[in-house]
Amino acid sequence: MTSTIRPGSVEWMGERLARKEDLRLVTGKGKYLADIIIPGALHAVFVRSEYAHAKILGIDLAEAESLPGVIAIYTGESIKDLINPMPQAIVKPNLSAKYPTFWPLAVGKVTFHGEPVALVIARDKYVAEDASELVLVDYEELPVVLDPEKALSPDSLVVHEKDGTNEIFSMTFTGGETEEEQKLNEKEVNSIFDTAPVVVKERFRTHRTGLTPMEPRGVLCDWNESDGLTAYITTQRPHIDRLALSDILEISAERVRVIAPRDQGGGFGVKAPFYRENIIIAYAAKALSKPVRWIESRYESLMNVGQERDQINELQIAADREGNLLGLRNRGIADNGVGTTGVYWGFVMPFLGAIELPNAYKWPKADISLKVATTNKACLTPSRAFGHFPTRFAVERCIDMVAHKIGIEPSDLRRKNLVDTLPYTSVTNEYYDSGDFLKVWDTLTAKADLANFRKTQSEALKENRYIGIGFGCGVELSGVASELLVPMENQPGYGAATVRLDPRGKVQVFGGDAPGGQGHETTTAQVVASEFGIDPADVVVTTGDTGTTPFGSGSIGARAGSYFVSAVADACRELKEKITRILAYDLEIEARNEHFEFIDGEVIYIGDRSKKSSFLSIVERIIMFPINLPKGEVGGLDATAFFEAPKPMICFNADCCIVEVNIETGDFEILKWITTEDVGNVINPLVVDGQMHGAIVQGISNTVFEEFVYDDQGQQLSADFENYKLATAADVPNIDIHYATTPCPHTPLGTRGIGEGRPSSIPGTLTNAVCDALAPFQIEINELPLRPNSIWEKIQQAKQA
Amino acid sequence: MYPAEIKEYHRPDSINQVFEIMAHHDEGESLLLAGGQSSMQAIKSRMLRPQCIIDLQNLQELKTVKVESGTLKIGAMVRYCELAKNSALDKNFTGLKDAATHVGDRQVRNRGTIGGSVCWNYAAACTPTAVLALDGRMHLVSSKGDSRVVKADDFFLGPLDTAKSESDILICVSFEQPETKAGSAYKKWGLVKDALPVVGICAFIKLDTSGLCCEARIAVTGMGLGAQRATAGEAALLSSDGDPKSIEAAIDGICATIDAPTDLSATSDYRYQLIRNLGFEVIQIAFKRASI
Amino acid sequence: MQIKDSIGIEMPREIVFSALTDVEILEKCIPGCESLEALDEMKYSATILSKIGPLKLRFKGQAQLSDVTEPESYTIEGQGSGGPAGRAKVTARVTLEDVNNSTILTYDVNAEVGGKLAQLGGSLIKNTALKLATQFFEALNESLVNSNRKPPPLAVPDPSPTLSASRKILIAGTLIAGAIALIAAI
Amino acid sequence: MTSIKLTVNGEKFEEQIDNRLLLVDFLRDNLSLTGTHVGCTYEGVCGACTIHLDGDAVKSCMLLAVQADGHNITTVEGLSADGGLSDLQQAFNDEHGLQCGYCTPGILMNMADFLRENPNPNDEQIRHGLIGNLCRCTGYVHIVRAVKKAAKMLRDNEPEVRV
């Protein structure tokens, strides 16, 4: 087999190395959740609610239970006294909100179309589905509430009666901690708006869409009295799932092991929550002491997870005639659905979305508040661009509207107000640790060549062709610091990695977070290879198994490039210190770590390059022959390091796209997409570019094609890929990526975590381009999805006006 | 997700064998399976629970494309990918080729058949629309052995509803080679490329010796009613040379008689705009192709 | 989903209304009706097998009557379950207008669909419901014209034990709407 | 139960199966060829289950296993004969044409068939050919590059030996 890894290459950081993972994935040898075989595993199929809101009067299981091959059927009533209900502290944010009580299966009533009502367990998955059809649920339909604004009105029906209200979370993010400070701030902002020469006020609506990975969810649990529970789960945070299963099922934690399969078909946040299905499958495996497997169907998946965005933002911007931004005001409303999902409960996304609303601009003053409403829809689940896809759409659109009102180029207005000195703390107290926003912006505008475009645009208009250019940008979280993650998700933010050398000089790295295809095995190997001067082929990375990896709160918020590889580098450096201490002793020279170089499989004393050792032999010496060591030293080369940056970290990117709009049909084609990225020191450009392409196309697909639709009865009408349309390869453009990097001063390698928030600047950029193309019609589009039908209608209205 | 129980699966080698198998089952219990690209969706969602499946893959005589004394005969089991490549369609029937080239995706086109598509007559489908515009004829054989030919105008009755009874088999779809010059074209609009047609429109134009239109057939789909003729639009094209004014008149005729609904995919007004936009292009291309 | 339509029946309103009460006529006219049963004065149950092309769905449903003005108009609401395929609910306002000795029957039907039926073919259902509703009333019209019924002796107490004439009318109306609803549910 | 005889990746099989067993489940569960993946339910849109049936790229979730009796099937496990990488697989590795890899087997099978019919495709043709394969991670950019590179490799080397 030809190895694509060049032996002995010197500098692995920044190398476009072909990924190690690919060799198994392109030959069909990957092992995803559904591929993991445990002999005798039973199959589970959920019976799900067909009503958006209905009492459960009774469930008749007789016929289903009599079907040969059916082993057990659970219902809410049969388990509610046997399993602790949610909420549970381990998967509950430290934020004051109303947390609904719920069990893995609906108890008393169902609150959204698709909610799990019963669980059928059978020997064969076809039989399990047959049996699920024979479970007869007697529903009494109840009225539904589907509009978040109606849900917040005092006379609305309340979905979770015990809460007494549908307003499960509300917060003001500006002015200070106390209500008085916030009120004072509000008054000051009011006066700014009263006197500002330019004020734009608009209602921005983002529809319900999100990120469905190609691999749906799955849980495979095994139980035996000696080892306890082994749970394979499609999850981004196995260590949190383990503690949650331990608390809820009351199995002491050392007898609970959660394994995220090495190969996962995408996560994008959808596999970050702790789901109720995990609980009941684990419970069933224990109760039956037989392995139980649940593979989610796409139908179930689209009705339960991957639904996010769905916000109304009443946004106002005040500015002066020269385009200096004076003030920002926003009243946000989010449609939370029923909020029955562990860790996030739905509202944590709009919470962070409000914090990130200000984006990369200097706002002297801001007044930002948010209300989150429960409705009879599926609970919001995290989706890449966590919570701030809608708020960034609102800000990036409103900034263009201000520029149009003043009569200056939107890109000039942005540049004038971009944060230009870092570190910087935003009006919502978000800390921007480092970066050069202007460098990124100027690189973009140079590539975009606006002046030339305006010429082309006017010539095209003469031929009745409407082309337009749109700009947008985004500050994104680069890992989530404990100071934000503890309150937001009740979890630590530090990265943890164990690096273990073996006597053959090979390296094993263990990480607790569970990736879903981001290439960690290769990028981590490049970091270790660069530290020890060896070949990435000699580095093996294991992730996501709570039995073998150090604690990590999960693959979330672009943690790998920021926190995980930093912990890996720290662990490597700790081992290098030990290696050089012992080598200097062996070579009988007075030298410290910085006097040695790890390169091409050797450890060389810089003072006299003839004094050196092969990496292999010094490692073998320390592990296998730990005698004649410096005082206090002991053998072994294994280190675990924990990394927490002093302050939260960010990355910054900017987008420009050019579109042509067909005014006959409202169809538009993206002719060009240019992006400039401050991604810090890059480990592998192939991987970074892949993340950017994926995020931008996800942003385009969310903005134009995908929409979760509920009818007026709360029936979810987009439960398959024919109705919930993903962008195909033929619907999206190529993407030109240009780096405009500044090393991150707060990580050992100068790397930045990138790609999590990346889709957030896409809806604004794309809609700005369409509006720019339609400038002759004075059209401003502030509602998503951005589709030809609505664009054409706006053109008709403009023609009539 | 998984089909309901299927008691019997048969793969007959002749049409008579098909009828023998069907005789053992009540009407509607057995399902004729061609490419399976539509019926398998219904079987897997369990909206269709056939007790007996009769797989037609061995019926070689249904797989041929031939021209017999001025009639193009396309076997019911001819696949989209074959239609998209078959030169026999090049002269007058490119509308069917346009449709077949953009049905679903490559994998669907490698399996799906013209017979399966016209018999399923999904509410929004390309192939039935092209067959209707091109005045195709469905050659049916019934279990009692008699065969009949049903013109497309009488074959497509409504969504999922055609003149084929449960005990009939479709042998082929035939098209009369026009004596005069003729041309056709099909276009559709969907949110994502090659999606099911929110609006699909096919035009078939015949020219007399002096290059003026002597016959015009137009069919639309995407209105929730399967393939529909738009006769009102056709008259305006007669004896024209495809000039914009008469095409506009034809489009006005179509929009006046076709009921374009509002649904999740498009508003009624937008459907009419698409009919105008695609309709104009399609008729123009049909005229151009006819005049070559 | 809304359907509004009307049909002219060359029979006096009373005859049309009473025809709507005749179980045999209804069983014949409702496309795919397999069983009809009166639960009580205001409630009725039916099993209907409806077909669209190859799709066949059996619905067990009930219909409930409300705000009746005899023999002019009434409202009915039918609920039907098609098992795993889903369900349908229909409310219909039926009005009969006397126009020089014949009747204009107008029906204004709103169909709501749930479960897979809504997800797989919402618009397909509406078009089918309209077609079947029209078929029902055409069948009713035909059966009336053929049998050339004379108006029933309304004054004479109905021999059947429980159901008063007006109640039978109402139930029949319910049936029609229920039928439409259920059929709509395919 | 019905007995079927077929060839999968060059190996002959005879199996007793249910009439209703989907071909994708037969390959994954009966033959443990788990390289073919399932990404959607009844709609058959995502393409992750694409295999070759007598050389044609088809969706194995839209076929009953009994329909494959007597036919020759190739799955992603059969794309490279000697456990190495075919030109197409190598190109995807070189150009980072995959991330999570869940859609990749379906894309490789579709594109292997596509490249036989289109030896020198441009971007637009490749993107139209990919409509039947949904990918969520890559945004398709590297996939298109990988297919283009594979086309060049295939044109330069002697044609890949069909298994």
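Every chain is named by a letter (A, B, C and D) in the order it is written, and numbering of its residues begins at 1.
The definition used in the following text is that a contact is a pair of C-beta atoms (placed from the backbone, for glycine too) under 8 Å apart; a residue touches a chain by one contact, two chains touch by 3 or more.
Worth saying up front: this structure is predicted, and the values here are computed from it rather than measured.
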Chain pair with the most contact pairs? A-D
How big is the gap, in whole Å, between where the Cα atoms of chain A centre and where those of chain D centre? 30
Centroid spacing, where centroids are CA-atom means, of chain C and chain D in whole angstrom: 52
Measuring centre to centre with CA averages, how many angstrom lie between chain B and chain C? 35
Tell me, which residues of chain C touch at least two other chains? 84, 122
Identify all positions of chain A at which a residue touches two or more other chains, and write them in rising order. 125-126, 133, 297, 299, 717, 720, 722-723, 726, 728, 730
Would you give the residues of chain D that are in contact with at least 2 other chains, written as numbers and ranges? 18, 20, 25, 41-43, 128, 131, 133
Those chain pairs that satisfy the touch definition: A-B, A-C, A-D, B-C, B-D
Using the touch definition up top, name the residues of chain D that touch chain A in the complex. 18, 20-21, 25, 28, 32-43, 45-46, 48, 75-77, 79-80, 83-85, 89, 92-96, 98-105, 108, 123-124, 126-128, 130-131, 133-144
Which residues, counting only chain A, touch chain D once they are in their complex? 1-2, 4, 18-19, 21-23, 25-32, 34-35, 37, 125-126, 211-216, 263-266, 268, 295, 297-299, 516-519, 686-687, 689-690, 693-698, 720-722, 726, 728-730, 732, 734-735
Complex contact set, residues of chain A against chain B: 125-126, 129-130, 133, 297, 299, 664-666, 704-705, 709, 717, 722-723, 725-728, 730-731, 787-789, 792-793, 796
Chain B residues within the chain D interface of the complex: 1-9, 11, 33, 36-37, 40-42, 44-45, 53, 55, 57, 81, 104-108, 110-111, 193-194
For the complex, which residues does chain B have touching chain C? 28, 31, 39, 42, 45-48, 120-121, 123, 158-162, 166, 224-225, 261, 263-264
